[in-house]
Amino acid sequence: MSTGNSVILTTENVSKRFGGLLALDQVTLSVKEGEIFGIIGPNGAGKTTLFNVINGVYPPTEGRVKFRGEDVTHLQPFDMSKRGLARTFQVVRPLMELTVRENVTVGACFGREHLPLEKAEKVADEVIDFVGLTARTEMLASKLNIAQKKRLEMARALAARPILLLLDEVLAGLNPQEVADMLTVVRKIRDQGITILMIEHLMHAVMNLSDRVFVLDYGAQIAEGTPQEVSNHPKVIEAYLGDPKVAQRFLEGTA
Amino acid sequence: MNIEALIASSIDGLMLGFVFGLMAMGLTLIFGVMKVINLGHGPFIVMGMFAILVMSQLGINPYLGLAIIVLLGLLTGIVVYFVAVHRVINAPELTTLLATFSVNMILIGALTIIFSTSPRGLDLELPSFRAGTITVLGTRLVAVLVAIAVTIALYTFLYRTRTGKSIRAVANNRGAAELMGINSTWILALSFGIGTLLAMISGGLLATLFSFTVLSGGGLEVKSFVIVVLGGLGNPTGALFGGIIIGLLESITTIFIPVSWVPVFEFVVFVLILLFRPTGLFGAR
Amino acid sequence: MKTLSSPFIWIILVVVGGASLLPVLTNSVSLREDMFLMLMLVILASSINIIMGYTGYVSFGHIVFFGLGGYLAFFLMKEFQVHFVLAALVGGVGASLIAFLMGIPVLRLRGAYFALATIGINEAFRAFFTNFDLFGGSVGMFFNFAVYDAYGGAKSAGQFAYYAMVVLALATIATSFIIKKSKFGLGLMAIREDQDASMVLGINPVRLKVLTYTISAFFPAVAGALFFFKNGLIEPAPAFELHRSIEALVMVMLGGFGTVTGPIVGAVVYERLRGFLITNPTLSSAHLVIAGVMLLLIVLFVTAGVIGWVRQRVPALRRYLE
């Protein structure tokens, strides 16, 4: 279902070491323009670390990251933002003492378009409308509940008018209704032409939403392909459930 | 260059350094346990000085008075903790800095009212010792011995007693310590009390060495910051060594450069360490 | 610029400007002296707010710029007979330059480390000037009264210094306001709230922090130049008096950090209270204790200060009471 053929982001043999711990092991992937690319894997697999490397929070120990043909391996996060990369955090990080509007305006001011304050505020209002937070525009970020904070996080990233959006577990902590709402928002974002790279734990969501899925375990790639291919991959099942034969027996009810 | 002068200065500086190290230990302990920079440190030192003064005026031997100071320091620290620090212990740094600074203002104000700002001194006559041509003042020697004794006592407490271990646990990871059943509030209060009493003891010792005023605390507090950063924030051993280094530095450099330039040198070193090795020479804890 | 169309800033400027004209209208020298000091404190508090209130970096040793500007300007006036306005501006620029150069390494430090470093810097400069004979060493420098002749005598020099201080205060307040309402100010506040998140959002923290620090050094420096010009005498101890910048911090906390009016309100209230306490026979020795208790109560219970508290309680005013 991808609308474009060009590759927008690649990581080439990216490894990341923290002292003695190998968090990422030769990770190679490529994301096509316009698609929704899911990243899954058990806890501690290195998914957020991968985002941090792509985003520029820290450089990889080995390997390269290329965005739209440019080698961006050693750039800082604010440089990446200028180039059209936006990102949300797994544990949301709202700017507490600022209002929703001010939060989103920051995104618009310092994102890809680097808008002046007035234009940025207009963009902010549009984006706040898009995620459905208009009623709370003047509220302090610290007063929002978790679902609203997640939407704020999303709005702030969108206000930067990114080309590629990195979503880190946007669905975590949401009840089923909130999940459904968020999924609709994610689809709307993709329909606007923004490429999405998402880390997610909620299986049915990521499988339903993604065009392609990439599976990490202990920092290394163990599978890649369409959701269908990946969910039947024995290694994936093993990583999540242990021995695939046992998993099979559970499914058949003969265990 | 006079070798004898050099040796004499070095010994003097070394001894003073021990007392300075003790002075800084309290500050670094409080930081290590609760990540709070106690800007009330200076006044606590001064309180120790005046406590000794009062006691000597009452006829109590200053060195015995130190035992009373231990109790005084502990109580004062615990009270200050609950009044000023506990409520904001988890707040951003600025809040605790200003809270402890307000304690500083209150204490200095109170001490000024009681004692006024005129200089004071203890009249302490102790025999001096001679080794060859080098004279060691008795007061200095006793001060060093007391400082060493207190340090040993502190380490025994921290490493051999259950409470001490609890303190180290809370310093390491407060949340985990609480999960293991340690009452972190009392431990924090106790730590603050210990930090305070260390400052007070050092004040008492300094009173036996130099004359002082209510305002002496300011310079000593800044010196404590320098020592603490030098030794590594939160590292008591580092503070002791940092104190010794500063003591030696101050004594020896006066031979080579004019006395008044020493502070410039000290503060430049201080800023440089903060910039390039913020964990101090011995590593922060 | 949309910023300037907000009526709020004009109200503040008119109020401050109007109050400053009182001594001139009533021809009261003692009132003028009071206002001179008050304006100086407003400038000091506002400039600390620019670095602290907006970025969250606590500059304990901020008074160092007061001393640096003072010394630089004094030297120019004494040795080269430079006009006091020009000397003051040069002092301001000089101090800003030093802030810029120092800021680059020092602003990489966080929280308490930064606060300690600023103390160390102030003390280092103080010790340096105490030894530096070119600038008078521990004795400092003083004016031959002939210097004031160029301004029509000591009395009128005092008047000119006052006018200059008024202009400086208005400029400081205006700058504080412009920063707050600008995109630059928004970036600063993002840094204050969450520096790492702000980096991901596209803000370059180092660049913004250093620029802010540089700006925040200019105003106290010029104030120092004016103060010591009027004084006719400059010495290391009062030029780099650490207590002053800590008091300015108290004023900012009292009035409300991160706001434009907060430092003004804080400075006025604090100074009035201090003046009252010191002249009151029974309470004068207790002024430090009372100030300390006040600060403690604010820090423990009303962190946002007077203005901040009002803004929280009356949300409608939030847009208007900056």
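As written, the chains take the letters A, B and C, and residue 1 is the first residue of each chain.
Basically, contacts are C-beta pairs under 8 Å (C-beta built on N, C-alpha and C of every residue); 3 or more make two chains touch, one makes a residue touch a chain.
These figures come from a predicted structure and were not determined experimentally.
Interchain contacts link the chains end to end along an open line, per the touch definition above. The chain closest to the protein's centre is C, with centres computed as averages of CA atoms. Note on chain placement: the centre of chain B and the centre of chain C lie 32 Å apart, centres being C-alpha means.
Here the CA centre of chain A is 50 Å from the CA centre of chain B. Once the centre of each chain is set as its mean CA position, chain A and chain C turn out to be 45 Å apart. Of all residues in chain C, only 52, 56, 58, 60, 105-106, 108-109, 111-113, 115-117, 119-121, 123-124, 127-128, 130-131, 138, 242, 246, 249-250, 253, 285-296, 299-300, 303 touch chain B in the complex they form. Residue ranges on chain B touching chain C, taken from their complex, read 37, 83-84, 87-88, 91-95, 97-99, 101-110, 112-113, 218, 222, 225-226, 229, 258, 260-261, 263-264, 266-268, 270-271, 274-275, 278. In the complex of the two chains, the chain C residues touching chain A come out as 2, 181-183, 186-187, 189-190, 192-194, 196-204, 258, 315. Interface of chain A with chain C (complex): residues 55, 57, 76-78, 81-82, 87, 89, 93, 95-98, 102, 105-107, 109-111, 114, 116-118, 120, 138, 156, 160.
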